[in-house]
Each structure stands twice: as C-alpha cells, then as structure tokens.
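In what follows, chain A forms one complex with chain B and a second complex with chain C.
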Partner chain A sequence: MATTTATLNLSSDMLSSPISITASSILMKAGITEGLELIEMGRGTIAETDGSKTAEFGLPTALGADKAAKLFLVNKATDPTYYIDIDLHDTNVGRLYAGDWMFIPWGMNDTVSELVIEAEPSGATCPYEFVLLQEPQTLVAHS
Partner chain B sequence: MATLTPTLTLTSTDATTDQLSFSVTDSLSITAPHIGLAKTSVSTTGANNIIQPATDGQTYYVYVKHTGVDASGSTVTTTMNVELTGDVVVGKLSAGEFMWMPVGGHSLGVQLQASSGTIVAEYAYFTKA
Partner chain C sequence: MATTASISISSDITESVPFSVNASMTMYQAGTTLDLEETTGLAQRTFSGNTTQVTLIDVSATAVTAAAGGHKVYIRNTGTDKTKGFKVFLADATDDTEEIGTLYGQDWMLMPWLATDANEDIMVQPSSSDKMTIEYAVFHQ
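== the complex of A and B ==
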C-alpha cells in the first residue's frame, strides 16, 4: 500500500489579521482502505490554434465508476492574459490563468467525465504540467 | 484587493522506490465577494447545497473539504460529490479529502451532494480580482 499525502495551505492578507487554512489527507482508493498507487506525470503545450482538445490524461478509461483519482494541473504560461479553459466533456468548469493550478477529485469513468482543455485567448500558447494519481488499471493483453 | 497564496504539497516515501516530493504555490489577486472559511451540512440533494453562486463571467477559486463526520458529529465513510449546478459531477471526495479549483467563465455555481445521509463539508471561495 502506498501512502501519498496531499497538503493544501491557503494564506491571505485580505483581513487585518492573517488568514491561514491548512488541510492534509492521505490519497486513498475508493473504500479508503488502501492508498492510490498509480502516479502519472507529464507536461505538454496547447495553443489557441489547436482548438478544444481532450487532454492526454483526460481520456475516459475503463477504470469504472466508484473508483478514485486525483488530478493536479498547472498552467505554466507566463503571460497573465493566457488561460487554459477547463471543460468536463461539454460543460465549462473554469479557467486556469498563467501560473494557476488546481487539485481535484476526478471521476474519469465515462465519456461525460473526459477532461477537455483549450488555450485562450487568440494567439495564446500555454505550457502545462500535470500529476494524475489513480487506482491501478488492468493491463491489456497484447494484440 | 488582497493576495491569496495557495500551496500544494504531495509527498510519499513508498509510492515508488524513489521518494515523491512535490510542491507548488501561486499568488492570486482576489477581491470581494469571498467566503472563507464556512461549514455546512450536505444532504443528498445537490441543488439544496449550493456553496458558490453562479458566476457572471468572473472566476472563483473554490476550496472544499469532506470533514468525515455527519450532521450529528458521527464519523462517516460515505463520499461527497462536488458538482456544478445542474448536477454536473466534477468528482467525489472521500472522508478527509479536499480539492482546490477555479470555477468561472460561465453561469454555473458549485454544489455538494452526499452519497447518503448527511456529510459536514468545509468550504471557501474567493473572487479573482
């Protein structure tokens, strides 16, 4: 069993007293008895001219419903006007502006949960990096 | 206008034979409205548990945590869906887990839905300046 710990700290000066929120959890398989074991990392670049693309880590898999996965994605662009539009299939979730990142639980069990990314606005090019932690998948027999 | 600094750290000593140690941070300019930090008891009807209002083109940064207890304070192992309004499932959180994501550029909010019974969630959201 692998033990991977994710810790998030949020701090801000928006009030006269500093704000600090810290959350930490061990990333578990569904059923919370064993840790997630499969870690996939990578980087890529998407340009506005590429249009809307299913991310290479966003393909619906045979992992099945009720399985656990966590996704980290960061937009490594340096132009603050460049952002990556994040869609779940046909539904827009939000925008990752330059330097912004997200860490989410992800269903990845059917077509509706495919992750789609798109660089915006016109002329934008956004390098990105990702970490996907998931449950092991059954290897496919060779053809 | 204020600054919000989120930092994520992923660590493991046994996921692979080589240790995993990963940390990333960001500096976000935020403005009102914001909610942070709040707690709510989540039921099995997502539309009754909207924690972030529909956006009007702005971007919200949203934090959600499954506390692992129900409304009575008893420990639960049930999962909690994080959804966009309209029942679009983003993913599910198990007890003790959290998420951080940007939401915006459309007209949807964020809602939570317990798989059964009730689940106490903690959440916060901040508006991109």
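== the complex of A and C ==
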C-alpha cells in the first residue's frame, strides 16, 4: 500500500498563550484504510488578463462521487499584492496571496466541484504549483 | 505577532521516484507584509447523535473584516477512525452550500477564507452519529 503523509506545523504568538499545532495524517481512500494511489503535480501560470479559468488539474467527473482527494496549491508570486482568487464552481473560497498555500480535502463529486482560479489585481501574473493526491480514476474506454 | 504554517507531504505512490514537497508561509494581511493580528484561538467541538449539517464557523460571530482577503482557516478531525469523517462545506452569499471535501480521522486542512458576506459560513456534517470531535481556528484581519 502506498503511504502518503501530510504534516502541518503551525505556530502563532498572537495570544499570550502561543498557539502551536502539529497535525499529521496518512492520506487514505474514502472511508477505508488503503492509501491514495494517484498523484498529479505540476506548475502553471495565470495572469489577470486570462480571466477566470477552471484549473487544469483534476477532473471531477473522472473520480466520481464520495471519493477521497487532497489538493495542495501554492501561489509562487513574489509581489505581495498579487493573489489567486479561488472558487469552488461559483462559490468564492478565498485568496492565496504571494507565498500562500492551501491544503484541502477535495470532494470531486461532479462538474460543479470544479476549482476555478483567477489572478488579481490588474496586471498580476501568478505562477503556481499544485499537487493532487487521489484515489484511482475510472478508466475511460478508448475512442 | 507572526503566524507561520509549514506543510510537508511525502509519498511513495511512485515507487521509483519518491515524492516530497515542503512549503511554509507567514500569514499576512491582504496585499501587505503586515502580520495577521487576530485569531479565534484554537477551539474544539464534539458531535454525538448528529449527522446533519451544522455551522462550525459563523462569519458573524468571528469578527472578521469582510472580504479583507487575508483570513485563514484550520480544521482537523481529531478522531483516529479513517472510516468516519466530517464533510466540510462553504456557504455562499445566498446561503447555498458547496462541499469542499471530507476530513477523515486525523485529516486536516488549511485554506484561505474570504468571508465576503455574513452568510458565508463554514459548515460540517459528521458521517456518523457516534461521538466525533473536530478542532479549528481562524486567523484573520
């Protein structure tokens, strides 16, 4: 069985009692103790002039409903004003500013599970890197 | 008042090419290099006898500056059972919910949160009526 581990170390000194979080998880298929088996990773660039685009990684309809997937996405821009706007279909999640990353479970159930990205503000260009870890997809018959 | 987060992912899915990725970030106010200055602190909530969708993080109760853009949300299923999970949802301005994904035992997530509108709460739904616990924190402007 493949073993994929994701570990977080988070610390904050905002409070008089500092927050220190260490979390680690072995990433499994949905509801069972078998490891994820498919990995997809890469780098792309999106510019503000590109408008709103469906991310090129992941194909929700190929994975199917109620399967496990995890997505890591990082904005590699260096200008702190540049951000990638993240939507799940038409629901706005938030903004990844330069250097920010996110790690989420991704319920790639159907076409409305699509991840939509957009670079902002005017003139922004954001390189990004992603890693998508998931269960095996359903193979498609050849044409 | 720095808040930093680092992630390390390692995998042997590709046996011939072991994979690892590491990244870290300092959480800044939107569009600046000024540290985030507010947090809910680390909170915990336990569910039992409930498999319906409920609000975990209420925009109105969190004192975030709407649409400021720098907010981050951390959520973890503290259970160890990989067969039980919390589905996590994000509501939009019309209170329609979109599923983000499922956190099984020990799974965690860290994501940006725009919180543009008072309706854009984060919801969870336990998969089992057994006792299940989730911990969470918001770091915000």
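Simple rule for what comes next: the second predicted complex is superposed on the first by the 138 of 143 C-alpha atoms of A that agree within 3 Å, B and C clash if a C-alpha of one lies under 4 Å from a C-alpha of the other, contacts with A are read in each partner's own complex, and residues count from 1 in each chain.
The definition used in the following text is that a contact is a pair of C-beta atoms (placed from the backbone, for glycine too) under 8 Å apart; a residue touches a chain by one contact, two chains touch by 3 or more.
What you see is a predicted model; the values in this text were computed from it and never measured.
K.L.:
Mind checking chain B and chain C on superposed chain A, clash or fit?
P.N.:
Clash: chain B and chain C overlap once superposed on chain A.
K.L.:
Which partner does A:S12 contact after superposing on A: first (chain B), second (chain C), both, neither?
P.N.:
both
K.L.:
Taking the superposition as given, does A:A55 touch the first partner, chain B, the second, chain C, both, or neither?
P.N.:
Neither partner.
K.L.:
Under the stated touch criterion, which partner chain does A:C126 make contact with: chain B (first), chain C (second), both, or neither?
P.N.:
After superposing on A, A:C126 lies clear of both chain B and chain C.
K.L.:
Looking at the overlay, what does A:S25 touch: chain B (first), chain C (second), both, or neither?
P.N.:
both
K.L.:
One more residue to check, A:T81. First (chain B), second (chain C), both or neither?
P.N.:
second
K.L.:
Enumerate the residues of chain A that count as touching chain B in its complex and touching chain C in the other.
P.N.:
Residues 2-14, 19, 21, 23, 25-28, 30, 32, 35-37, 39, 68-69, 72, 74, 86, 88, 91-97, 99-107, 113, 131, 133 of chain A touch both chain B and chain C.
K.L.:
Note which residues of chain C are touching chain A in the complex, please.
P.N.:
Going through chain C, the ones touching chain A are 1-14, 19, 21, 23, 25-28, 30-33, 36-39, 41-42, 69-71, 74, 76, 82-85, 87-88, 90-92, 96, 98-116, 120, 127, 137, 139.
K.L.:
Any idea which chain A residues touch chain B in the complex?
P.N.:
Answer in residue numbers: 1-14, 19, 21, 23, 25-28, 30, 32, 35-37, 39, 68-69, 72, 74, 85-86, 88, 91-97, 99-107, 113, 131, 133.
K.L.:
Residue numbers of chain A touching chain C in their complex, please.
P.N.:
Spelled out, the residues of chain A in touch with chain C are 2-15, 19, 21, 23-28, 30-33, 35-39, 41, 66, 68-70, 72, 74, 80-81, 83, 86, 88-97, 99-107, 109, 112-113, 131, 133.
K.L.:
Looking at the complex, which residues from chain B come into contact with chain A?
P.N.:
Against chain A, chain B makes touches at 2-16, 20, 22, 24, 26-28, 30, 34, 36-37, 59-60, 63, 65, 77, 79, 82, 84, 86, 88-106, 108, 124, 126, 128.
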